[in-house]
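Labels A, B, C, D, E and F are assigned to the chains in the order they are written; within every chain, residues are numbered from 1.
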Amino acid sequence: MVASIVLPIKKVYALLDSKIIVEIKDERRKLQGRLVAVDEYLNVHLEETTEFINDSRGRTLGTVVIRGNNILTIAPTL
Amino acid sequence: MVASIVLPIKKVYALLDSKIIVEIKDERRKLQGRLVAVDEYLNVHLEETTEFINDSRGRTLGTVVIRGNNILTIAPTL
Amino acid sequence: MVASIVLPIKKVYALLDSKIIVEIKDERRKLQGRLVAVDEYLNVHLEETTEFINDSRGRTLGTVVIRGNNILTIAPTL
Amino acid sequence: MVASIVLPIKKVYALLDSKIIVEIKDERRKLQGRLVAVDEYLNVHLEETTEFINDSRGRTLGTVVIRGNNILTIAPTL
Amino acid sequence: MVASIVLPIKKVYALLDSKIIVEIKDERRKLQGRLVAVDEYLNVHLEETTEFINDSRGRTLGTVVIRGNNILTIAPTL
Amino acid sequence: MVASIVLPIKKVYALLDSKIIVEIKDERRKLQGRLVAVDEYLNVHLEETTEFINDSRGRTLGTVVIRGNNILTIAPTL
């Protein structure tokens, strides 16, 4: 039964090479960028990353690797 | 003996495709949505997600993948 | 030598089907309920759950699955 | 070379059945009790547990299982 | 399919021996140094490390090993 | 390629039996002591431990086992 269950990571794999929004835990901050790589821990590698603080655009960060445990949510850019 | 113990994840599997409430750790925030996928780390993939802050309805978020370690509780929508 | 050491999880297994108090990390909150299931990560499934905030009774929550890493302590109801 | 390295858990095993002080992460709280069981995650089972807040004696808690990741330090009672 | 996915850790391996910026979770602090070693948990060993608090230069720290779970992001020095 | 990469834990093994500074996550606290044991999770066993709060010397703690996930950095005593 478990084998037939779709895994959450599949949704993230489907977002590879597209723009995503990564919400950081316990900070009013989000990082938006193009998803280049992701692993089973939800560590992600973003390119063309831009920071958003309280939903207003912040710095341009370029290349960033984010540690998965500090990510609250991953979502496609609307 | 351990083999006969029912696992907590089973309760979550039983909620697949129904509406659940995910309470976020250390934030006064809950995400309610339809549970599309869950794995052994309690990472969840929700669709038709709505945010609740201090129990009042917030933004509509649509598709969201939530990192399991930042989830405090998962419960069926009452 | 290690094989003969009693494991902490054994104490929790012994509480299955009885009322327990789960203390949440970093919040002045406890959840009391009947322990239906627990796994090696200390994820727990409670039924008939009631919330306590600063030791005063809060909402009735019913069915709840709690992520183990956000649990500070588990104890039998006195 | 690694095989000959003494592991930190060994120090904790050596404290089994004696009084220990468990310091909780991010709270000004310590739990003192007799160490009945410990596992590789540093989950601990204490009996005759007493709480200390800011180093002053608090409630008597009796039996407690503490989740290892929320423990900052374990030390023998001086 | 998963086998062909590029992993985020690869990006970090590519930064070995060059200057990186490590952003610490929940603190307004970054550590900049030369990346000498990194493992699958994103634990890193830096040399010639300098601290930045709120983006202004702080102490010189020299050799530092940083625990991966407390790292928010790793990025190349611009 | 990965096999030839030096691991961060190697740096810590090299500090066995010497004085180290362990910086605690999210607290203005450091523990300095002689490193007696360390494992792959960066759990450490210190002896002759002294506490530093905001860089001023605090209590003498003696024997302490520190949970690795709550450690921010490990460094040799300068």
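Convention: a residue touches a chain if its C-beta (ideal position, glycine included) is under 8 Å from a C-beta of that chain, and two chains touch if they have at least 3 such contacts.
These numbers were taken from a predicted model, which means no experiment stands behind them.
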Joint neighbours (chain A and chain F) are E
From the C-alpha centre of chain B to that of chain D, how far is it in Å? 31
Between chain C and chain D, what distance separates the C-alpha centroids? Give it in angstrom. 18
Within chain C, the set of residues that touch 2 or more other chains is 25-26, 69
Which of line, ring, star, complete or other matches the graph of chains that touch? ring
Report the order of chains around the ring; begin at chain E and proceed in the direction of chain F. E, F, D, C, B, A
For the complex, which residues does chain A have touching chain E? 13, 16, 24-27, 31, 36-39, 43-45, 61-67, 69-70
For chain C, which residues count as touching chain D in their complex? 1-2, 5-12, 25-26, 42, 68-69, 71-76, 78
